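Chains here go by letter, A, B, C and D, matching the order in which they are written, and residues are numbered from 1 within each.
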Amino acid sequence: MPEVLEAAAARDWMLESAASVARERGRLTELDAAIGDGDHGTNLQRGFTAVVAALGGFDPPTPGAVLVKAGTTLISSVGGASGPLYGSALRAVGKALDLPAADGKQLLAALAAGRDALQRLGGAVAGDKTMVDVWIPAVAEFDFALAGGASLPGAAASAAGAAGRGAEDTVPLQARKGRASYLGPRSIGHQDPGATSSALLFRALAVVLGREPG
Amino acid sequence: MKKLINDPDQVVSDALAGIAAAHPRLSVDPKNRVITRAAQTRIGKVALVSGGGSGHEPLHGGFVGLGMLDAACPGEVFTSPVPGQMLTAAQSVDGGAGVVFVVKNYTGDVLNFGMAAELAQDEGIAVETVLVDDDVAVRDSTWTAGRRGTGATLFVEKIAGAAAERGASLAEVAAIGRRVNAASRSFAVALTSCTTPAAGRPGFDLPEDEIEVGVGIHGEPGRSREKIRPAKEIVADAMAAILDDQPLSEGEEVLVLVNGLGATPLLELYIVFGEVSSILGARGVRIARSLVGDYVTSLDMAGVSITLCRVNPELLALWDAPVDTPALRWGV
Amino acid sequence: MKKLINDPDQVVSDALAGIAAAHPRLSVDPKNRVITRAAQTRIGKVALVSGGGSGHEPLHGGFVGLGMLDAACPGEVFTSPVPGQMLTAAQSVDGGAGVVFVVKNYTGDVLNFGMAAELAQDEGIAVETVLVDDDVAVRDSTWTAGRRGTGATLFVEKIAGAAAERGASLAEVAAIGRRVNAASRSFAVALTSCTTPAAGRPGFDLPEDEIEVGVGIHGEPGRSREKIRPAKEIVADAMAAILDDQPLSEGEEVLVLVNGLGATPLLELYIVFGEVSSILGARGVRIARSLVGDYVTSLDMAGVSITLCRVNPELLALWDAPVDTPALRWGV
Amino acid sequence: MPEVLEAAAARDWMLESAASVARERGRLTELDAAIGDGDHGTNLQRGFTAVVAALGGFDPPTPGAVLVKAGTTLISSVGGASGPLYGSALRAVGKALDLPAADGKQLLAALAAGRDALQRLGGAVAGDKTMVDVWIPAVAEFDFALAGGASLPGAAASAAGAAGRGAEDTVPLQARKGRASYLGPRSIGHQDPGATSSALLFRALAVVLGREPG
């Protein structure tokens, strides 16, 4: 299994993300209908369809270029809150990966940069019931796993697990950012759609890095 | 879901084709999804650009025209437009005096318009942003994304648009827009939810005898759920929420918008207006001007929003100034 | 039934109070249920009086004002007004040149306006009646009460009203009104029924995947029930019904009204208008002017009606003449 | 039992009609909702409430005056198709009863005049699925019963029976007048609301004339 993330794997990460967003479109929209405006699944499907199109025939030397391109495409095609947020996050991740192949430490630093960009733009902190509640534990777990000697695929897998738990942990929270915050206490008891889609992205990364090269 | 559409993914494009066919005085760029006046912006006139998710028609495209907006950027249904749309709009309507973005306060709109403002400024276009946040159903605090922008958007676009038409500077137009927003308050009640073409079913389900109080314009549930009551009582509560937040004293003048959310018969809106006017009358507040109808809608939601804007003679004169758009027209 | 009302029996009175409060340029007689212009009829000007059951707002009260109606008589919901209302209206707006009654072709309206005409003539007021019957969904024959009056009412009231404003005689105004009706055709499709406050439940129930084709504006079932299809096909059928009845040849000009029945989002109406305009375009028929919105409604019915009126330069000039009413306003 | 119809009985007829319209309001509206616009019950209730008010304190010497007053009141308070139709019919009945007491023959002539006024104004003939389909057989049966030597109450009772059957017989008809005609064949299978309310009026007459005086 790959010990580094190269441009091809970065592309695969985006393609896998697109595939899982397409699979989960309905669920994401339903979650958003419950505490938002019912468009999250459609928004991301539109965005990642554009990303797949943009990456076709585009093969840059670095994983960073792939992710910057993906982020820029999301910003120009999604709209809503999630477009600029995911777009900026992926662009930040990409900017930190301006090299042919990134090892675990470098990918960790890049994911942390993505998390920071997300928080800078949206102003959300842990517990606000947003994507941030997935990015923070996922990046922390990625760090912890590496420190514990895990391989890159192993760290990605642990991060994906933490991301999934982070999404589930948004259920009891009261939203303080985004549309769901309008509901006040009525937002409690529902899983946040953006946190859910963020968990899909981390899962996609783990899937791609977990593959035998072939 | 039953709708007069061809394909849920084509709703906005198909509607834009209809808007282009229906309104010769507008020009529609279907590729970039920008609606502008057919006539070029007068050199030296500040341009107003607004936009947001579709599903609120006539807002915003129906307010493009003389005395109001120079351009509108429709996003997907209930989804804010992307920065590229606002950049294209700003580039095509800038008359050299700068552009005012009128932005309803939703995270998505704020972020996308914010990015567009940066891009436009990189292109050398001066941009001022007026944020509209009039919905008192949302407590403005560190606990929420802040108040939503709803009915006051119409007041801001009309009055700031009139100021721009009169040759006010970028700073002045933005300042007037902010004053109008600061003087406006709204509250909405829903009898039903609404169904987006993409979701295919209502955002929430309401029993035959319940209403959602304090809703926004995106089919999201409101602040609380209550039993249906006589219009008199529902309006009294909505007005109390508005007047608690912005007390009005005897002799003051207001603009009143009694706005249908999409599926409410005009007959009912007039009943609501009658209640609003007697409540204001009892306080000695004078209704200087009013609108009753569907202006800021939420697809097929049944319900009403009430917006009050405290005005003085200056703002009133700007309100009365000529306007020529698909949805508001007078003086021409 | 959920409605923003106080009491099913008070709906019309309460709405009239709201109309009075909302429109200073109208004057409302709540006792006799007559809406007139606040300004007296110019001596020598022919007066136009219309009316019908309530529930079709803005029709008719929303069309009272300069260049259109002089008075409107609202009946109970979906129930034609009584002769006394039209008599009072005729007496208060007659400017000495006579009164034109614009009557939608329904048995109740015809009988009540007919009695009112007799009473008015007994009082020495000259009355001409213009019957509106534009709905091609009803086969006009000895087998029915004849075609229903629907969207064309707006065209008749606007154009005949403009003629009256210009000083046309009673006979001329009536003749123009009849010409406009003869040149107009309508067809409507409903996605849902509507609920009158008195009945408390929908006139008919439609499954989630069916529509009523050829409906009127009183919640009655239509000509047939069909599966919901893309807007393109629904509009094509409606246009076929209209154009079969009144073929339009290349180069002819029409007024187009794409009218929401009450609960249809404007977004969908624009999609419908887009289809109408491409069908007409393909035949080389030019859309001279158009309206897209809720003008002749059926309470909370979801659906759309399409009305075409063949026009010549003379009728078009009358259409473009200034109008200043709550629902239609331009040129002033 | 009375062998003549006097002013008091005419008033009782209208009051009894008002009472039964009030009882049947819901049913009349439902029938109208099926093939019309759902207001027939409300229309007649509004009208007969006004009639009751108008007759209070009004006591003229003739049954005719009572019925003319009732008809005029219906015209000025009901609207719709049924207001002018019932109003004109009752006015015609009343005009033919311009005498202190009407015997069977006189009442028969008056009811026939009402039927004719109804047909003249509305232009409906037998089988059009309207009120006329009750008035025609009811008046004919009244005539037939008298000819057979029936008493006034007896004739009224027979007429009421024929009226009820006439209303039921509208079920299989296709409407050719009024709103129901818009439905074409779809109007078949429903009982006509106006025919139903007409049957109530004939029933009310029979009830009043069938009462022991006291």
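Everything that follows uses one rule, which is that contacts are C-beta pairs under 8 Å (C-beta built on N, C-alpha and C of every residue); 3 or more make two chains touch, one makes a residue touch a chain.
Since we're looking at a predicted model, the values are computed, not measured.
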With subunit B removed from consideration, the chain sets that still hold together: A | C, D
| item | value |
| --- | --- |
| Between subunit A and subunit B, centroid-to-centroid distance (C-alpha), Å | 33 |
| Where subunit A and subunit D are represented by their mean Cα positions, the distance between them in whole Å | 76 |
| Intercentroid distance (Cα basis), subunit C paired with subunit A, Å | 55 |
| For subunit B, residues that touch 2 or more chains besides their own | 77 |
| Contacts with two or more other chains, residues of subunit A listed in rising order | none |
| Chain-level touch network, classified as line, ring, star, complete or other | line |
| Interchain contacts (touch definition) - all pairs | A-B, B-C, C-D |
| Contact set on subunit C toward subunit B in their complex | 1-7, 11, 14-19, 21-22, 54-55, 57-58, 62, 77, 191-192, 206, 208-209, 211, 228, 230-232, 234, 258, 262-275, 277-278, 287, 290, 292, 294, 297, 299-300, 302, 304, 326, 329-332 |
| Residue numbers on subunit D that touch subunit C, as the complex places them | 29-30, 33, 35-39, 41-43, 46, 75-85, 121-122, 176-179, 181-184, 186 |
| Complex contacts: residues of subunit C adjacent to subunit D | 53, 75-84, 106-108, 111-112, 114-115, 137-139, 142-145, 148, 196, 198-199, 201, 203-204, 216, 218-221, 223 |
